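When the chains are written out, they are named A, B, C, D, E and F in that same order, and each has its own residue count from 1.
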Amino acid sequence: MKKIEAIIKPFKLEQVKDALQEIGIKGMTTTEVKGFGRQKGHTEIYRGSEYTVDFVPKTKIELVVGDEQIEAAVDAIVKAAKTGKIGDGKVFVSHVEEAIRIRTDERGDQAV
Amino acid sequence: MNTPTYISRHCLLIALLLALFVLPDPGLLSAAEATPAERTADLEAYLNNAARSANTAVNVAGPGHNAWMMTSSALVLFMTLPGLALFYGGLVRRKNVLSVVAQCMGLACIVPIIWWAIGYSLCFAKGNAFLGGLDHVFLRGVDITPNGDYSTWVSHNIWAMYQLMFAIITPALIVGAIAERMKFAAVMLFCVLWLFVVYFPAAHMIWGAGGWMNGIWNADAPIKSIDFAGGIVVHMTSGWSALVLCILLGKRLGHGKEPMPPHSMVLCAIGTGMLWVGWYGFNAGSAVAADGIAANAFVATTLSAAAGGATWASMEYWLRGKPSILGLCSGAVAGLATITPASGFVTANSAILIGLLAGASTFLACSKLKQWLRYDDSLDTFGVHAVGGTLGTLMAGFCADAKINPNLSTNLGAYLGKTLWLEQVKAALIVLVWSVVATVVIFYLVRAVLGTNRVDPETERAGLDLAEHGEEGYNE
Amino acid sequence: MNTPTYISRHCLLIALLLALFVLPDPGLLSAAEATPAERTADLEAYLNNAARSANTAVNVAGPGHNAWMMTSSALVLFMTLPGLALFYGGLVRRKNVLSVVAQCMGLACIVPIIWWAIGYSLCFAKGNAFLGGLDHVFLRGVDITPNGDYSTWVSHNIWAMYQLMFAIITPALIVGAIAERMKFAAVMLFCVLWLFVVYFPAAHMIWGAGGWMNGIWNADAPIKSIDFAGGIVVHMTSGWSALVLCILLGKRLGHGKEPMPPHSMVLCAIGTGMLWVGWYGFNAGSAVAADGIAANAFVATTLSAAAGGATWASMEYWLRGKPSILGLCSGAVAGLATITPASGFVTANSAILIGLLAGASTFLACSKLKQWLRYDDSLDTFGVHAVGGTLGTLMAGFCADAKINPNLSTNLGAYLGKTLWLEQVKAALIVLVWSVVATVVIFYLVRAVLGTNRVDPETERAGLDLAEHGEEGYNE
Amino acid sequence: MNTPTYISRHCLLIALLLALFVLPDPGLLSAAEATPAERTADLEAYLNNAARSANTAVNVAGPGHNAWMMTSSALVLFMTLPGLALFYGGLVRRKNVLSVVAQCMGLACIVPIIWWAIGYSLCFAKGNAFLGGLDHVFLRGVDITPNGDYSTWVSHNIWAMYQLMFAIITPALIVGAIAERMKFAAVMLFCVLWLFVVYFPAAHMIWGAGGWMNGIWNADAPIKSIDFAGGIVVHMTSGWSALVLCILLGKRLGHGKEPMPPHSMVLCAIGTGMLWVGWYGFNAGSAVAADGIAANAFVATTLSAAAGGATWASMEYWLRGKPSILGLCSGAVAGLATITPASGFVTANSAILIGLLAGASTFLACSKLKQWLRYDDSLDTFGVHAVGGTLGTLMAGFCADAKINPNLSTNLGAYLGKTLWLEQVKAALIVLVWSVVATVVIFYLVRAVLGTNRVDPETERAGLDLAEHGEEGYNE
Amino acid sequence: MKKIEAIIKPFKLEQVKDALQEIGIKGMTTTEVKGFGRQKGHTEIYRGSEYTVDFVPKTKIELVVGDEQIEAAVDAIVKAAKTGKIGDGKVFVSHVEEAIRIRTDERGDQAV
Amino acid sequence: MKKIEAIIKPFKLEQVKDALQEIGIKGMTTTEVKGFGRQKGHTEIYRGSEYTVDFVPKTKIELVVGDEQIEAAVDAIVKAAKTGKIGDGKVFVSHVEEAIRIRTDERGDQAV
């Protein structure tokens, strides 16, 4: 099994989710995160004081998939999340040794 | 019943017998009993907010005036709770929001007890030129009959409650300057001492009958200053003390390095709206009657607030391309604070001018002066209230107009439109110096008692809410 | 026009002819027309909030009094919406905040309709000693002319609206005890029945002209209790019913095991400020005039609130080293609830004492008694309102003072300063028992109708907002 | 002093010498001096809110009425700030909350300046049938003496301030329709032009003395419409303009595809409570006196708000099984908007009926009509205010009752209960068409000046707060 | 060392924490996340508009444990988090190469 | 490529970010998390009720770096995040198999 972690622009979440559902992905987990990268942040001014905010709101999607689905899933994400503008985000893939479904104690590919 | 007796006395010469059937025995009518004309005149006095006759049959307060002053008192409390608590609370970081609320609420709970015990008396009982006497300790003698020194048609105890609300909000304003770092116990102790040393004398000298600087009502006042609703008494005392206090206390950890944006501009804006609404009680209420002077103060307050907000936001727009919500809020509050001493004295046109100057000067004070002098006045109590209050005090001297407030003619005819501004400068300077010196002394006194005025660095990092109050502002 | 006719009648003896030119024909003047003296006396009656003469030319309400009562009505609504909704809403968990708001708003929408249809009539129409009649259903006959039974200078329909606001907030107080677990439909149904069975009779018996326990105005009342603004009628009925209801309903899932901290102490504090401000309408408004009694109630309300808040926070400081914001809020509300029945009857000094006892007793009730008895009164409706209301009812008996409220002399001269407290105990006990019994009956009735009073466990886990209202309190 | 002179004049025939000692020289009494009877009548006029005599000794405003109108003015400002800012601010997405607040505050800061300069004059100075003249530019001549055209006992300048608060909230209502996408500068510019083109003429025609459609006061009005507190002037103008504006502006990006739930139903509910409370100033204040008409308006306002909220929530319960908080809020606001034009004219029973229809019709407009026509009125300004205002205007025609408001008999006797509704239809149609046409023109004018009325798509995605104001609603 | 990532129902957090403490686990990190899976979301209605919210609030627990503790920890989590109803969540196990305690610079098993 | 996950004290974020930027790190992702460990939580009291809050606010930093940068990055983090007081947090390192930049479809070391 592999774990895909994708950092995307928040307003792309719905589209990415739909794209993953289409290729048969049944589950995923998302987190609100803040990203730092090439995309510039913004400046806020309160009375005299200027603050530069370097971190940009992003959404992280995590999903564990069987090895055979990995390519399709990555492609789906990349395609759906792309705007072509700086800050579109990244996809990282890593290895997962075991997965357990808490409800049923199923393990491995059945669990995801 | 009271019939037109003296007329009938003439008629008695001719028709004595007949008269005896229908008229009260004239022998029973003491000279002190009100005549019909006097009775009517007394009723007219209620409408005109004028003094009633000595023989009045209505020695109570007048319902319209009492109604307005109860409403005004509630409005001024509303300014502190929740108004100021939100205005300030929204501007601090999330971890400190409750500490600011606690300081406002703590004052709202402690000051009334002090006021009842002795505060009112020190401000408004007859005393010397500098401080009131002890006639009204524990609100003794403060009942529903109007106290002629302060109003003709408002209950004495309503007046006392109205003024209490001022004594609550004034120290609460200071809280803004030292937010996010001062110990709760230190804030409370400081404020209590400060009330005795700074506020009570200032209120007595400027507003108390016989006060040393009460230009309006005290014909013998050596300094003939005017302060309609508290430019000197409220905004200058608190604002200048706040500056000194925040310098003595030192900057917040990370000040100038870490970002410290308001945790909720939404709360700040809600608070601003409440302050504006409540300020009608503050300014129009300071007429101590629902009369024409109140009406004039209402107008001036509205126009200055709007002009202040519009000016600040316009300057931002002009200098940075973006009018900010905090700018609108700050400017409106600055307009309100600045018009305060002038509100019941000036025309609508003057109010627009004052609001304009208020917005511009406090904008510069908060965004340039502060940067330049590098003090850490967390929420700009000095920049808004001291600058606004001082400016307004001066402007009141220039713009006061007897057409708007006839009381200006009573003792100030010779100064009006001439050197009144000089009297204002004198009063402002004296109170300014006194506030500064007193703050230094009280600061070290409090530190001597409590060991320290500041929370320890770890608490400051983690936020005052948890360490000082055992609570968090927001939970799941 | 009305000229001083009887004087001129004497003059007629001498100057009949001349008089005919300028005076109205005395033969046209009916005995019922007001004399000048009567007319002046009527105007004085307005200022003094006294009864006008039968022949009055001003059969309308008085502007000052009407103004104050409209303001007060708005203030009491403000207590519920948004005041109480925030005070309670901030104290529940995030997932249930809307359910509490919905219960407050739901009552604000349903109760006025009931009140219009029949509620007002059952409370304040002439009826028997226990319940009003049906004279005023659909507000029939409730117009702008003052109803002399309840006020001399306030429009009858303003009085009806003012009292409506009390009928809204009283059941809304109960919501605090059963928050986070009772079905919306069950809350609504319970409250509606409860109004008929508990509130309307209680209001009529204690405040209705001819009421069974109306000690102030009903000379023939078997029980001579006093309740200025609702210690018994509002706080005891709701508080004791709340206790029973939360016991019958059972604890929240996870109560005592999982943490259930307030999701926003900030909202709770805002609500507290609004409650305090609104309470001036509640207490000072209960004078039903902008008169001296209102002024006295204003003073008592302020001082008790402050003393309550200061006491609770001081006890926390003393016992745990940390004064909390919730402590300040709870203490202030306790001070307000406790002074309510006494507010228009007691001196400033008594108010301080009552506030002090209020803070201490409710602190103990909420932090010790509740732990010990292990009921789950989610937001301490019992601990604050029942305890405070009961204490205040008793204290009113001890401290009531005819100097503060002359009406106490009318029918209660023989009790004042003597056994008035016993009358208070009687009234309190009767209402307490009735509230408890009625709550049990209504609870089972509602359960019979709706199947269950509680949401199912899954809904309770996930929060009532989504399942009951299809909405979330906060979104991105 | 004014003594009962003409009586004594008769007595002079007999007792001239004696009289000279105690009476003022009759020769000094000009014919213009008020007689005792007149003086008493003037005082009675204050209580009755009637016109005083020409010779009056009390040419000032009356304290009870002035107090109520200052309170009402503050309440109407409270509706905008923070009321409407919260009601609207809670309904947008988190990233746009400040933009809505800024638009409300911006108007509150700009409109008073326009009003002072010329707005008040264009609305309420004597002019032609369509627009006021320039007599009152810079509030010239607007002082504390009542302006008999609009009130007998309220200061002219208080009246001007009261009406200012209406001129602030009316354009602020439009903000709801175009929220989350219109540029701040465009909103401000649009609203300023709109005030001149739509609001000032509408206010003058319907409320101005001599106004073309002022059925109540202008005997010569060609169209005899009635509008107590602004169904046409406030809710129809803003609501219909809002519809056109949001269509011209286009939908929000993602509308109909992405979820756009309210970011804080809690803020929305707080705002609703404040709107309801403030609306008493709006409606009962429109009596411009604390008199019986105000009392009647207070009743109608309360009952319609409740009926509206209850109806909307009931329909949701019936159609979807879940009464929502937004439903309760929307229904209550709809009830309030709908009763506005009728509030001081109709009975309690009519108010219940109007509230019911208000809840039902706005529910259908917001949940069915909007879906069907597919315009993007972000926060339903059209669905609530235009629909409610139009319905209320019509219902006022049907239900107006001279028992509730005797002024209806002055010029409308022939229409009342007959064809008054037709006059309402005429006035409504004219204002509707005018609002629609004017909005189109102003929209393109503003676009010509600013280049675009909308923020660019990137800003819309990221939220207006940051790009337009450089701030965020919430921070850590 | 292994990293355990568990997605559980939020109200089970306390019980899972207790279960882990019992078997001697000294540290863990939790995040509020939103999950998408078989468990259905809900519908919200605001005036006319209906929104389907597919994402359900979940809590993610991350902990790094020595290899020998891995079985015990997974078992403890699964047992404590189970309700038997859909949406109970998953446990994922993956390999961690290094761990450092910032305070002490300790590395490896001593660091966790 | 390696993934570094660091749990640090929130107020250290700015310093850690600066330290990483100095050694040439171009991107990272942060999450607000709650940690359980040796550092004690706190107690909150609401009226009668005392709640012990065991979880302490922490910030998690995730960054994927090329193998050659791993040591420098870990050192930078540890140095910048250290206060020497309990609760300073951990750094975990694990293996990442693939990285994709969504905007450009770049893969591997170029993507991070």
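Please note the rule applied: a residue touches a chain if its C-beta (ideal position, glycine included) is under 8 Å from a C-beta of that chain, and two chains touch if they have at least 3 such contacts.
The model shown is predicted, which means the values in this text are computed figures rather than measured ones.
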item: Chains touching both chain B and chain E, listed by label; value: A, C, D, F
item: Selected pair, out of A-B, C-F or A-D, that shares over half of its residue contact pairs with B-F; value: A-D
item: A-D or B-C - the one linked by more C-beta pairs in contact; value: B-C
item: Geometric centre distance via CA averages, chain E-chain D, whole Å; value: 56
item: Where chain A and chain F are represented by their mean Cα positions, the distance between them in whole Å; value: 18
item: Chain D: positions in contact with at least two other chains; value: 4, 7, 11, 14, 36, 40, 43, 46, 62-65, 67-68, 71, 261-262, 320, 322, 324, 326, 470-472
item: Numbers and ranges of chain F residues touching at least 2 other chains; value: 31, 44-46, 94-95
item: Set of all touching chain pairs, with the criterion as stated earlier; value: A-B, A-D, A-E, A-F, B-C, B-D, B-F, C-D, C-E, C-F, D-E, E-F
item: Residues of chain D that touch chain C when the two form their complex; value: 4, 6-7, 9-11, 13-14, 36-37, 40-41, 43-44, 46-49, 62-65, 67-68, 71, 75, 93-94, 153, 261-266, 269-270, 272-274, 276-277, 280-281, 284, 289-292, 294-296, 298-299, 302-303, 305-310, 313, 320, 322-326, 328-329, 331-332, 348-349, 352
item: Footprint of chain E on chain F - complex, ascending; value: 2, 6-8, 31-38, 54-55, 58, 60, 74, 77-78, 81-95
item: In the complex, chain C residues that touch chain D; value: 1-4, 7-8, 11, 14-15, 18-19, 22, 36, 39-40, 42-43, 46, 57-58, 60-68, 70-71, 73-74, 77-78, 80-83, 85-86, 89, 97-98, 101-102, 105-106, 108-113, 116, 138-139, 142-144, 155, 157-158, 160-161, 164, 184, 267, 468-476
item: Parts of chain E lying in touch with chain C, wherever the complex brings them together; value: 11, 14, 42-46
item: Complex contact set, residues of chain F against chain C; value: 44-49, 51-53
